Amino acid sequence: MSQEYQVLAGPEGYLPPAAAVMGVELPKTGEALVEGSLVSDTEALHKIADKLLSAKNPFFFPGPLLLWAWKAGVAERAQAVRDLADAVGAGVIPMPDYRPKYPMINPAIEINPNHPNLTIWHNKIDVCVFVGVHCHYANIALKIIRGGTSCYTIALCGEAGHEDAMISLRDVNLAKIQELTAIVMDKKRQIAGGGK
Amino acid sequence: MTKNILKMSPAFADIIPAEYRELVDNGPYGRDVGVAELGTFKELLEEHPLCAGCGLALALRIFLASLPAPEDTIVVGSTGCSSLVFPQAAVQNIHSLFGNQNSVASGLKRALKLRFPDKDKDVIVVAGDGATADIGLDMVMHSWFRRENITTIMLDNEAYANTGGQESGMSQQGTVLYMAPKGKNFPKISMPELAREAGCVYVAVGTPAQPRKLEKMIKRAILLARHIGPTYVQIMTPCPTNYKFKNNETVNRLKGLEKDGVFKPREYITAEAQEALNKLEEVSK
Amino acid sequence: MTTKVNIRMSGLGGQGVVTAAHILGAAATRDGLISIVNPFFGAEKRLAPAESYVRISDEPIYERGEVLFPNIIMIFHPHVITMGKCYTMPFFDGLQPGGIMLINSDEILPLSEEEKSKLAALQARIFYVPATKVALEVANTELSTNIAMLGGLMAVSPKLVTTRAISESIAERFGGGKFVASATTAALDDVVKSKFGKLEQLVEKNMEIVDKGGQAVHEFLISRAASA
Amino acid sequence: MYVAIKLNKEKCIGCKMCIFVCPEANVIAFCPKSKKVDVNEARCKGCGLCVVACPKDALTLDNN
Amino acid sequence: MQKVVSPEHLFFEAPREQVFITGSEAVREAVRRANVDMAISYPITPQSESMHLVGDIFKEGYIREYFRGENEFAVMSAVAGASMGGVRVFTATGGPGTLRAFELFSTWSGARLPIVCAFMTRGVNSPLTIQPDTIEMSYLLDTGMIMLHAENAQDLYDYLLKAFPIAEQTEVHIPVGVFADGFFVTHTRENVKVAPVDIKLPPYNAYSAPVPVMDMENVPFRQMRDPFVMKSNYVSYAAHASWQQEVMAAAERARPSISSYLGGLLEVENADADILIITSGTAVSIAREAVAQAKQEGFNVGLVKIKCIRPFPTEEIRALTKNAKAVIVPEFNRVGWLAKEIKSIIPDNDKVIGAPRVFGGMTMPTQSILAEIRRCQA
């Protein structure tokens, strides 16, 4: 059963299982997960760049850990993520907190882990990036998205990563975000250079 | 001063939704605003699901406006109507279980004392009458016996409102409610007196019909809890839904109950607390 | 070849069966043997029945809990036998063939003929030791009954542990860090310590009790007739 | 039922009594310049407590 | 006075001294080296001695805060509050105390609190008993917490100390219950090897938690732990379901660290035997004696010691039992929860024998396991 479970874009079904329960293991340092399989960090960075650049409507979802400059270094990381989004040409919608929002959210301007699908549907997002979201809430949202939408999910995690995302990087820091941006810029140049 | 948790990362400042921006720009954090200034600053509370005319909601609004340091306040709640409000309040809040709020607060307060020995982190329990006087009474009282540095606030609507209006220990004798089909057959529990006997250094009974007075009680309770000892504030918060009165009558009902002597605002202060209070209120003048 | 000895100590709460087991087990460990020691699983109360168990072997021991099949049974109080103040009935229940019984009593206890014949069939050896009397004579406290019982045990089973290990264990038990069997035992410990002056004096006195206890042991021979 | 209070600004004297009795947050705002209140009708639940409290009948609730 | 060392050093590299102590004392020695911030106690036999001793090391300065709560429900609540406040906490209970506090255990898991709690298992009423019995574990199987079952005082010391780094990993961050059979372990004195007293685990880092710590120093400032997630918010049934799945996933993510710290979720002796005894806790010790005797009698018997009950070593047990002719599951409880667990995961489960079962405080004689072995062969 292990190895076989693929973490693919949905909609997977009414209540999809947690990938971890299906045998998908988190990557070790220097590794990453792509669709449930372990790959090197570098390979995953390229995969993320490709996914983002080929997306019709990619969006970044920065969470509270990035939106608020609550400790040293956060503002810089936030800027790097914004630069990455800009390099991709992606939109940015924040997840300011995790409360079950009453009476409703405005899906045009925010995303909430309890009903992330609303924001994805409303904005017709085909590839999204979670970053700066506490792991528990990211996982909840990632499963709901995989269950009910066809959105391709990417998680840039400062901790151990997320099996429930289609691509998951771990130990993401400022340098890694900048590395990803550089790869994106590189690929864009290649596309522009080789393009018609 | 504005704490870092309230500072927007410049890179994302343009996409922060308005309600958060207003909290940062015009909220009560780190500012000397209170009940008198209501209507002129962004309140900590957003739209909540409580009934129209809810006395408890009104009390919570006043409570949140009365916090001496919302930027360092953690509220511990309990199951009940109030726990439906706190997800929409911009202070950190723990809803653990029904009745265990004062135990959770004891652990939390001691943990925060360990982690932030030089800061006053206000741990405030806000729970209903069922949670405080019935299911959680032993834990409420033991937190007082242990002299925990926490404030306990009871929102007393004299019934289990969230579950549909059952009798509670705080209901008035004779009241017909669910589970008291023939009328409640024992008197309202004397929580303020119990609190005084159990070691609270400051006890107050207040009403949102007198918001400035209530604010003063809440502020005193929170400030005294920091270093002197446990404090207790009981707030009468009528429930139009379960007591079946018109939802525009909540405040008049409060005034009527007071006039009829059914409800008596009062304060108990220990000598030690009074001395501390004199100093505190001297400084603020 | 494994030489495993299972010991059951039966007495009344406050007589020190738990402490005796601890000292014996710790002594065995000092001698390089393996030991597992545990008390009976109940709420210990003064003068209520109490038991403890010691397993000693030169190989790893995994078994734990009540000793159901003892090689040695130590009876700390005559009432265990005469009044049935014991959780294990009859008092010699589970005794293995060739097993030893060591009884604290000033006088020979009136065992029934049936009991005698069962014990004879097991080829059991019965020893008496006036342990409480010895404790009172030497240390002026009945609380040292358990130490006298250990002295008796040393006399009837001299190869079990060394005298030196016993003396070191006594020193550690009463002199070292805080001992824990149960809260009630810890409270009694303080009483014992208050009876003696310095630690050296305590150990010295206790070793004297061990000696005197050993000397006071005498075997009760079950008559052949009883087993017929 | 869909009701929200209506404010007659002419009658408002800026006493803020309505603000002190409203169980909803951020519904009635006070404008220090004009010394009158503003109402966010979208957030009003129509309980009518402010109508009762207003000394000048500046607030009304249609169905009450 | 204590130096912080890596968990690996503390567990595997530091020299160890052998001491002759009870299981309760093993708890003290584990907590002494665990860099615990706060411990909260409440008495219940056979746990009380453990928390007395933790109190002693609080007095000695090894723990920063300690108090006695008013009942187990309150203690487990206070522990939850402390954990949400971002400190490392420890407590212990057992039997009726476990049941009194029960509502909290699933709450701890759901709230992602890395609390370490020792359970000194004991029978539950009625009738009243204070004797060893593992029935409470059956009730706790589905609370979401990680469950480690110690065989003896050595295990209890090791598992408790290892429970902290297992629990506190960001991707895990759920409670760990370390279970030891009351009296059989707590009140039994035996040899235990312990690390030097002058080293301890690294401190807990609250800001690596997968959920915000409640200190108003961490974002977001509007945060409720844990809110009602109800249908008043659109599709939030899915949020609740997803949340529960995430707690299950968290336990799954603990497998690698449990494996590396404990040397596997289970331990096997003579894996290819016709007859396998599979059990946990004190019953393992009794089974060891039975296996040794059975071998002398010429039986081909193996022993599987399950160290980790949650997450359950499902795949390992499936593989191990594939060729066995019989699986004997001795247990210290009436309901046979471990036998049920094993039966539920293997295809030919009619070969699982849920016996012997001993409870009410009775000791499991080696003979009772031998009798089952002989019956299998007959």
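Quick notes on this structure:
Letters A, B, C, D and E mark the chains in the order given here, with residues in each chain numbered from 1 onward.
Basically, contacts are C-beta pairs under 8 Å (C-beta built on N, C-alpha and C of every residue); 3 or more make two chains touch, one makes a residue touch a chain.
The structure presented is a predicted model; accordingly, all values stated were derived computationally and were not measured.
Without chain E, the rest of the assembly breaks into the touching groups A, B, D | C.
Both chain A and chain B are touched by E.
Minimum number of contact steps separating chain A from chain D: 2. Taking the mean Cα position of each chain as its centre, C sits at the greatest distance from chain B. Chain E has the Cα centre that lies closest to the mean of all protein Cα atoms in view.
Put simply, the chain farthest from chain D by mean CA position is C. The geometric centre of chain D is 59 Å away from that of chain E, both derived from CA atoms. For the pair chain A and chain E, the distance between C-alpha centroids works out to 35 Å.
Computed from the mean C-alpha positions, the centre of chain A lies at a distance of 69 Å from the centre of chain C.
Chain contacts: chain A has residues 67-68, 70-71, 96, 99-102 touching two or more partner chains. For chain D, residues touching at least two other chains: there are none.
The set of chain E residues that touch two or more partner chains comprises 212, 217-224, 227-228, 232. If touching chains are joined by edges, the resulting network of the protein chains shown has some other shape, matching none of path, cycle, star or complete graph.
Under the contact rule stated at the top, the pairs of chains that touch are A-B, A-E, B-D, B-E, C-E.
Listed in rising order, the residues of chain B touching chain A in the complex are 4-12, 15-17, 20, 46-49, 87-88.
In the complex of the two chains, the chain E residues touching chain A come out as 112, 169-171, 173, 207-212, 217-224, 227-230, 232-236, 238-239, 241-243, 245-246, 248-250, 252-253, 256. Chain E meets chain B in the complex at residues 37-38, 40, 64-65, 67, 69-71, 73-75, 77-87, 89, 103-104, 107, 111, 206, 212, 214-228, 232.
Within the complex formed with chain D, the residues of chain B that make contact are 35, 38-40, 42-48, 50-58, 61, 64, 211, 240, 246-252.
Residues of chain D that touch chain B in their complex: 16, 19-26, 28-30, 32, 37, 43, 45-49, 51-53, 61, 64.
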